[in-house]
Every structure is written in C-alpha cells, then in structure tokens.
Amino acid sequence: MNSRFYLEFLKVAAVPLFMAAVLFFASCAEHADDGILRLGLMEEPRTTNIWLASDANSRKLISLVYQPLYTYDPDSLELTPWLAASMPEYDPDTQSYTVRLRDAKWSDGTRLTADDVVFTVELIQRFRVPRYYSQWRFVERTEAVDERTVRFFLEEPKAIFLTRTLVNYVVPKSQWEPIAEAAGQRQKPLAALLNTEIEAPLGSGPFVLAEWRKGAYIHLKKNDHFFGSGVEVSGRRLGPHADEVLFKVYGTADVAVLGLKKDEIDFLWMSIQPGYIDGLEANPHTTVYLSDRSALYYMGFNVRREPFSDPAFRRAVNVLIDKDFIIDRVLQGYAAHMDSIVPTENVFWHADGLPEYARGLSREDRIRKAWRVLSEEGYTWQRPPVDENGEVAAPSRIILPDGTPMADFSILTPPADYDPARATCGVIIQEWLKDLGIPASSRPMAFGALLQRVKDRHEFDAFILGYGQLSLDPDYLRSFFHSENDRPGGWNMSGYNNEAFDRLADESVMAMDTQRRRDLILEMQRIVMEDVPYIPLYNPSAVEAVGKKRFEGWEEMIDGIGNIWSLTRVAPLEE
Amino acid sequence: MNLKKLLLRRIIEIFVVFYIIMTILFLLFHLAPGDPVSMMVDLTLTPEDVALLVAQLGLDQPLWLQYLYYIKNFFTGNFGTSFHYGRPVIEIIGQRLPPTLLLFTTATVLAAVAGIWWGKLIAWYKGKPVDTGVTIFALVCNTLFLPWIALLFIWFFAFRIGWFPLSGMMTPEIWVNPAAGFLAKAGDVLHHMLLPLMTLFVVNTGAYLLIMRSSMLETLREDYILTARAKGLTERQVRNRHAAPNASLPVVTSVGLSLAFSVNGGALTETVFSWPGIGRELIFAVSNADYPLAMASFLFIALVVLVANLIVDILYAYLDPRISYE
Amino acid sequence: MKAIAAAGTGKNETRSFRMQAFLEGWSLFYENIVGRIGLYLLILFGLMALASYIPPLIDPMYHPMTGVDPDISYASAPSWRHWLGTDNIGRDIFTQLLTGARVAFLVGISAAFISIVIGTLLGMIAGYGGRVLDSVLMRFADMIMVMPSLLVILLLSVLFGQLSIWIIVMLIALFRWPAVARVIRSQTLSLKQRPFIDMARVAGASHVRILFRHILPNVLPMALLYMTFRVTSAIIVEAALAFLGFGDPNTVSWGMMLQWVWKTGHMFQAPWWLLPPGICISLITLAFYMMGRAMEEVLDPRLRKTKGPDYAAS
C-alpha cells in the first residue's frame, strides 16, 4: 500500500525531473569563440540613438561606435588627438581653432570628412540637442576649409572649448541628414530626432553593431575601417584585437559577479561594491582593478534658509562629520578623502592647503570644537553638549541666535537601492548632528522626487548627492556656485551667492592662459571651502573586475579600465 | 442567466474596472513629484535644455488636456513613446509580454497539475503521518520567501553545481552563432527557463496541493461518492474518476483568484532571474519615471489578470454545470 | 464550570458558554500538530521581539541601526561578541534579527488589524445593506483584488518618495481587505435570514445596533481567523518591498537586512548575513499560516471550500 502510494506520488514528480534531465544534457554546448570579447552590463542600454543616450550603459555602447575628435591620454590626462591628426591651432585674431582630421573612414568604407564635423555641429545647434548644445552654443560658425580641415569660430574666448567641446562625438552626415530633415518637418523636431530609432548606427569606432536582441544581448563586430587599427596613438598601438563584442545584461550585480567567476564574461563594465573584492581576488580566474575617480559625493545645504545661511553653522556641521569614518566604514576604505570640491586626484586643478576642519579628531573633540564655533556665534542650549567640566553630554535642542529653538529638518538622500552608501551616510550624519542638539533626520527619497525638490523647487534644508563622473575640467565649480545658476532648475542648488566668487568664476571662463586659469580656480576653491555651502564627503574608487582567462591588456585610467584605450587594446591571451 | 449574458456582463464590467484603473494611474503619475527630465543628473543639462525637453515630451500641457490625449490615444492603440527607450511603448511591451506569458503559464499549469495530483493522493491518507508530513512540507514550501529562495537556488543550482544558466533567457554565444539551429535555440531558452520554473513550482505547488486535499475530503462526503462505492467500484476508480474531477474545481478558481498575487511574485522572480518580462520592465520603468511605459505595462498586467479571471469563470461554468449565476 | 452556568444569570451564562467554547476550541487546536508547531514558532518569535530591547542596553554598539563595533568595520563571521557576525559596517546581525522580529509583528499585526476592520465593516455593510450598496462595494472589492498590490505600493513609493513604515502598513491594509469583506458579506447574508435579526428589528433596534450588537459578534471569529492570514501576507509584502529597496530606510526589518546584504555585494559571501533574515521571514509567515489553518479547522471544518485561496499564493 505504502510503496504504491510513493510510486504514484513520484509519477508526477517524474515529469519535471525528466524534462530537467533532457534539457540539461541537450544544452551543454555553450562555448565562446576565442575572438569574442564578452562584456557584462547591469542594465540594458536605452538606445543606439546618440542624442537620446544619456544613461551610462548606452554611453558605453555608443563609445565603441562613435568617436570624438580628441580624447584624454590615460597617463597624463592631457588632450590627445583621436579622429584629429594633431592638436588644434588657435588664432587669437579671429578667435578660431583649426583642426586637421586623420584619414579616417566610417564603417561603411566612406571617408570621414570635415563636412561630417560641420554637419554634427550644425545639427546640435539647430535642434538645440540637450547636453550638447550648451557646449557648442558659443561656437559662432563652423567651416570646412578642405576635406580634412575644420575651423571653429568662437563668439568669445572660452576655456572649455578644448577640454569639453572638442571631446564630443562626430556623426556621419550621410546617415543623419535625412533623419534631421524629416525631424525638422515635424511639429516637435527635437522629440522626433530623439525618438528616431537607429537600427544600424554608422560609426567610425573599433566596432560596429551587428545585432541587438532586446532584453538579451548586443552583438558587435570588428570594424574593418577603424582608423586606429595598427596605428600608434599617444604611444599606444591600437587594435582592436577582438573580432566580436557581446554585451550581456545581468539584472543584478550579484549575478553578474557570479557570471564573471563562472567565466561567462571577460569584463564587468561597471563599478562594483567593495564587498565583492575578496571573493573575486580569491578566484584564480578573476582579478580586480581599483582606480581613482573624478567624482564628488557631498552634503549640500539650502543657504537660502536659516540657520543654514550662517557659514559658522555650516562649518560646525563640517566639524562634526567624521569623513574618515565614512570612508573606512561605509565605503570599506575604497574611497579617497576630499577636502575640496575638486577631487585631490585631479592633480592639476586641485587646490592644496585648504582648511581640514576636524580631520583626525576624536568624536568628543569634534563636539567640543563644533560647540565652540557655534557658541561664539550666539547659539545656545538649555543643556549644552559640553558641561561645566568640559565633558561631553547629551544636549537639549540647539537654540538659534535669535532665541528660537531650531526646527526639525531633513537630510534628503537617494534611496538605499540606488546607493546604499549615501543612504547610510545620511543616517550616520543625523546621529552626529544630534550630538550637538541639531534636530536632523535622514530622509531617503526617490531620486527624481529628490532632484525636483532640491534643484527645481528649492524646498529642502540639506541633501546628500554625488556626481559619479565629474569632468576633468573644473568648469563645474562655476555651475555649482555662481549666483547666476541659482534659479529653478539651475545647478547652484544650494543658492550660494558670493560676489567675489562670481567675479573669479566669470574671469576663469574667459581665461585662455591655463596658468592664469589655474590660479583663479584655486582661489575659487578656497572661497568655497571657507563658506562650505557643500561639504565634500568622499570620492569613491572605481572597483572593476575582469576575467583573466581570455583577454589581457586592460588600460588603467582615472574612472576605471572601461575606457576606449582598453577596448581597442585588449587582446586574446596567447596559449 | 445564461452563459452569453454572463459573458457580456463580465466584459462590460472589465471595461469599467479597466477605465477606472486607467484614470487612477494617470492621476497618480501626473500628480506625483518628479518627472523624467528631473531624473537626469547631468551637469551639461542646462535649465533651458530641461524646459525644451519638457515641452518636447508634451509635459507642459494642462493636465486635463494630457488626460484627454491619453484616453484617446489609448483607445486608438497609441500607447505613446517611452521616455527612456525613445521607442513606441507597444513595441517594448510586445517584446516583454511573451517571455512573461511563457514562464508563468508553464509554471502555473505545472504547479496546478502537480498540486491536483498530489493533493488527490494525500487526501486518501487523512490523519496518517504521511498526511501530516506532506501538509507541513507543503506549508513550508509555500511560505518560503520567494526572492530569497530564488537567490539561494541561483547560487546553488546555477553557480555551485552549474546545472542551469545564472540568469536571463538566452545564451548569446548560441544565438549569435550562425550554425545554431532552431532546436539549439529553443533548447537554450528552455534551459534558461528551468530554474525560475523550478522556483515557482516549489513555492506554488504547496498551495494548490493543500486546496486540492481539502476539496477532495469535502467531495468524499458527497452522496454520489457513496453511490459509486456502493456500485462496487475500486477505491482507485472512485478517487480518479468520480471524486477528483469535481474536487479540482476549487483549484481552478484559486488559480484565477491568485493571479494578481502571482504577478507580485512574478515581478520578484523576473527581477532576481533577470527574466526579460513585463514585471521586471515595470519595476524598471517605475523607478526611471518612464510614465508611458510604466502606465502601459501596468494596464497590460491588469488586463491580463482581468481576462484570466474571466477565462477561469467561464472554465468553471463549463466544468461544473451545477453552477448557476445569481 | 457547570456550577457557574447553573448559578449565573443570562449574561453570565453566555459568557461561560463562550468560555467553554473557547476551551473546547483550544483543546481541539492544541491537538492539531500543525497548530502546535505554529504556536511554538510564534512564541519563539515573540520572545525574540521582546529580547530585542536588551542588546542596546548592554553596549551601544548593539544598537541595530546606528551601533557599530569599534574594532570591526567589515562583514565579520560569527564570533562570541557577535553571535551571528556583523554586517559590512560592523553592526551586529543578531541584534538586527531580533529587532526585525519586532518590526515583523508590528507590521504584520497592525496591517492585518486595519484590513480586518475595513473588511469586516464593509463586508457587513454590503451584506446587510443589500442590492445597490452590495454590488457597488463588491465590484470595488473585485477591482482591488485584481491589482497586484506589491507593484502598486512600489509604484506609490517611487512616485511619492520613500514611504515610512506606517504608510506602508496602511497601504498593505488597504489592499488586503477585499477577501475578508467577501467572506464577512456572505456570512452576514446568511445571518440576515435568521429569526433573531428579525426579532431585533421588530423590537425597534436601529441598523447600527443590529450590525454591531447582533451581527458583529457572530462574524468576529471568522474575522479573527482571517487576521492570521492577513498577517502573513502583510509581512511578506513589507519584506518584498524592503528587499527591492523601497522599504522604510529608518527601520531595521528582515527585508531591509536582505536588501543590505544584496546591495552591498555580500549576498554569496556572507551566509551568516544572508540566511537568518530569509529563514526568519519564511518561518514567521509559516507560523501564522499554520496557526490560521489550525484555527480554521477548529472554527468550521466546512469552511475550507469557501475560503479565498488568495493568501496561499501571496
């Protein structure tokens, strides 16, 4: 009886088991070709339309297809000719730059000419393409001198033209002209341009798109017409040496890391959490690259409001924040200390000798120091954080100089799933501020809602945000702190307003002499760090992992090894 | 009330419910703070750029006008363009719906069939240790925290012993290989499907088993079972021919009723397994403030649930002639 | 027992009758092995929840949210100081686990209670109120039933910024009443036909009085039974929400712990961190579920056919 029962019971179990067995043996044949470079992504790219591609994953794909005139040298971080043949020549009389092009071709074999460059600039200006337009708007006129020479006439001297504008991509006139014409006829030309689907983008990069199976993978093939094949640029001989590229999409970082360990991918193209490092280093087939980044993670105040408008208050908060604790604990040591808005790793532009506030002090000493700073400015407590004997005690709520107790306020942070580090920082800082009776509470909120409150409506007290990829050029200082950017939607989210800073910033934009510009930028940093509308918290390292089994030759650079140099230079291992 | 009338009434009901859901969704999305443009943290994006983008996306129009457009467009089959992908929403949903339907129809059918079969058997042993054992086991499986167990399965079955692929739906190496035939490709998709299928099977079967068991016990007390026994049929015949078909009705209803909940679990399963289905896309669209895509995915999911409920009702009426409506 | 019943007045009689019914039910319940396991598990979790207040008193480093070990700033394996190890910033996992039990009870019971109150009230009103009211309320219930609650709450959480734990509780409750309302409605419908309701009406009792004095006591056991099932689904929804990163970041729940272990990349490297929260979520839902099943059998063995199986798959 019982055995019969079990038999019948198992009968139905046999069906899935049988299926599993059959399929298990049926599909054991997944072996990659030697020449396929397999790259892991966390999310599927948005689009192959370069003008719509604002997300990191699309930009990765785009960077293999479209190429800029200039790029940065991985060691010196100086501008290096890429599609251009040489450095641009500046003519101060006409305020124009002349750029000579290399003998480069599009992936269909046609020549990449000065006309393409002119067309690209004119397209950006005509449609006012977001993100690009602000970089090209001051270019009055672009002219094709001959097939391989372009001349850019500037309205006024602009320091960022070299470092920001010239590193933008060039698109082919032959593919985009009809699209631009069609979009121009529409009622909403920009939306039409952005929403045009480009199934086969014509590029000049090392690879060309072969197939994109949505939701599964992207397949690229080597571009036989790539200008760099076998050419030496900036002392490096370019490839590409991989015949094909496969982008694989893993929805979660954990599984992507397992995929790397299982040799499903050769490079996980994203910065991973430090928690993965030990496991990846222990695996004989994988290794980890740590790179400095040009990034800024900071706490910002709304200086339009009391008491955040008081620089002394902001300084006191800065004293209370133990940045080394955040770096050691929250970021597991994989981050760099920041004492300015410009990262220390950006050697040329970073200002040395800025105030360090309370670096290295113990928690008690921080409380004492912050208490002194605030007491001097007229802040009081019914029960002060430091008692008569100089001992630290739990304080009552802080009372502002005007006699009112400080109201509760929130530190807005992105949600934990977006960035656990920033969400955790919010909670920790809230606790530190309580040591001084400052009634802060950390409030993670959805990213879009947070930005809208901070950037558009200015309805906030304090926030923690970050820029993962700051440009190397420190022009962002002006964006963050110039009073003209203090408007709804402007990047001066704090509402910082300082005439001396504004003057320096305006001058730095026009300064075509690099040394002079550097002096201005250093002075600007000094002013900002004295007033601390932003408290820089940390600059995380880029943690990237690769498989060692099949490819070698990754090029280390600021922001990590996922750069065009690596992807044109990695080569299959010789066996 | 006959079946035709019932059908008509249910379809009208579905329309009304659907329309209400549509309106609520629209209001939610448009009253909530945060828009797709404000999501972009890009220092090169100036306020002028933002204003231009907002105008081009049609977000600067008054709410009621946007609503009218939305309703009109929806019923003319125009679901708009995804902010994120810049492609028509219907195209994206067209790509994401089939994998979801494939995975969940298979999982539900397998779980229901196995649940009916095992529940039928176990009811025969009411009160015996094997009954208690299976009941507890079924309960344990049923209450496992889905995403957690899914991750453990991935780690163990896909990574540690390597029987299954880690995630996704295809092995790109096979699909880009021109030599691979249809069989290899179909086998590849099935291979990817097995682990999520197994996870859903483990978690869902228990529920169906328990319902079947209870319903079977109930049925066995009915008069016609007594009659069947009196006719001298074997226990096996009584069980399989007479009791089981009627007893499985509640399982069928429960499949329909639990659909909305399966969608919850489905979104989690798809997220953990990176299954390129509509649940995962919805979570993604929502977090990216991609309104057109999120709204349309949501509506499609609601529609699927509504229609599936209708089908279950019809099936029920068909299976059980005793059911009268009203 | 008999003596009390004999000596008592009418009111005491009913009370002792209920007492007796309760004791009978209890012994039936206790005989049921499934119910017993559920009960033991629940007691265990209850103790955990109570114990969660102790560790922070011993040392501030055992504070579940803000306490960090001064010497450990990485995910460390279990040790004497940290029975279940620490998370990546040196917080004690055992303390977090205890606190998680507290949060689970809080979320589960309050969400279930609210949804039961709503469900019972609407169910009674629908059943008692008759035609129009009935069909409007029930269509409304149907509509909510077809909504994938987790996704809707997730949507709200994304749209309106991070939700606090109380708002999450409210939302879960708002999505969980329809099944209760349905059952209570059908009970009310059958109660309505009973003579004692007619008698009450003839005696001049108001509708409110009839509902709360005569119908409510009779549907209450059923409502309580449903509460155990609602608790399970509330805990699961909160855990899933937190796991996906949409929970209340100021609350240490088990789902939150899973979210942390997942997002910090310790998923497959720190089993002492990954396993306990998942096991706890699974076991506490199992416990409530088992209790519910046992209670169900005590209350009415025939109930099984009419019960909405929705709790099963949620």
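Here the chain labels run A, B and C in written order, and each chain numbers its own residues starting at 1.
One rule holds in what follows: a contact is a pair of C-beta atoms (placed from the backbone, for glycine too) under 8 Å apart; a residue touches a chain by one contact, two chains touch by 3 or more.
Nothing here was measured: the structure is a model prediction, and the numbers come from that model.
A complete topology is adopted by the chain contact network, contact being made between every pair of chains. Just to note, of A-C and B-C, the chains joined by more C-beta pairs in contact are B-C. If you average the Cα atoms of subunit A and of subunit B, the two centres end up 37 Å apart. Averaged C-alpha coordinates put the centre of subunit A at 44 Å from the centre of subunit C. Taking each chain's centre as the average of its CA atoms, subunit B and subunit C sit 24 Å apart. The multi-chain contact residues of subunit C, meaning those touching 2 or more other chains, are 158-161, 244, 262, 267-268.
Shared interface positions of subunit B, defined as residues touching 2 or more other chains, are 32-34, 151, 155, 159, 271, 287, 289. Multi-chain contact residues, meaning those touching two or more other chains, occur in subunit A at positions 252, 254, 258, 446, 449-450. Residues of subunit B that touch subunit A in their complex: 32-36, 38-53, 55-58, 81, 84-87, 92, 95-96, 99, 110, 113-114, 117-118, 121, 124-125, 130, 151, 154-155, 158-159, 162-163, 166-176, 184, 187-188, 190-191, 194, 197-198, 201, 271-274, 276, 280, 284, 287, 289.
Every residue of subunit C that touches subunit A in the complex is listed here, in rising order: 65-66, 68, 73-75, 88-90, 157-162, 244-246, 249-250, 259-260, 262-269.
For subunit B in complex with subunit C, the touching residues are 13, 16-17, 20-21, 28-29, 32-34, 132, 135-136, 139-140, 142-149, 151-152, 155, 159, 204, 207-208, 210-211, 214-215, 217-218, 250, 253-254, 257-265, 267-268, 271, 279, 282-283, 286-287, 289, 294, 298, 301-302, 305-306, 309.
Only residues 2, 5, 8-9, 11-13, 15-16, 19-20, 23-24, 26-27, 29-33, 36, 38, 43, 46-47, 49, 52, 54-55, 128, 130-135, 188, 190-191, 194-197, 210-211, 213-217, 219, 244, 246, 248-252, 254-255, 258-259, 261-262, 264, 446-453, 455-456, 465, 467, 470-471, 476, 479, 487-491 of subunit A touch subunit B when the two sit together in their complex.
Within the complex formed with subunit B, the residues of subunit C that make contact are 33-34, 37, 139, 142-143, 145-151, 154-156, 158-161, 232, 236-237, 239-240, 243-244, 258, 262, 267-268, 274, 277-278, 281-283, 285-286, 289-290, 293, 302, 304-305, 308-310, 312-314.
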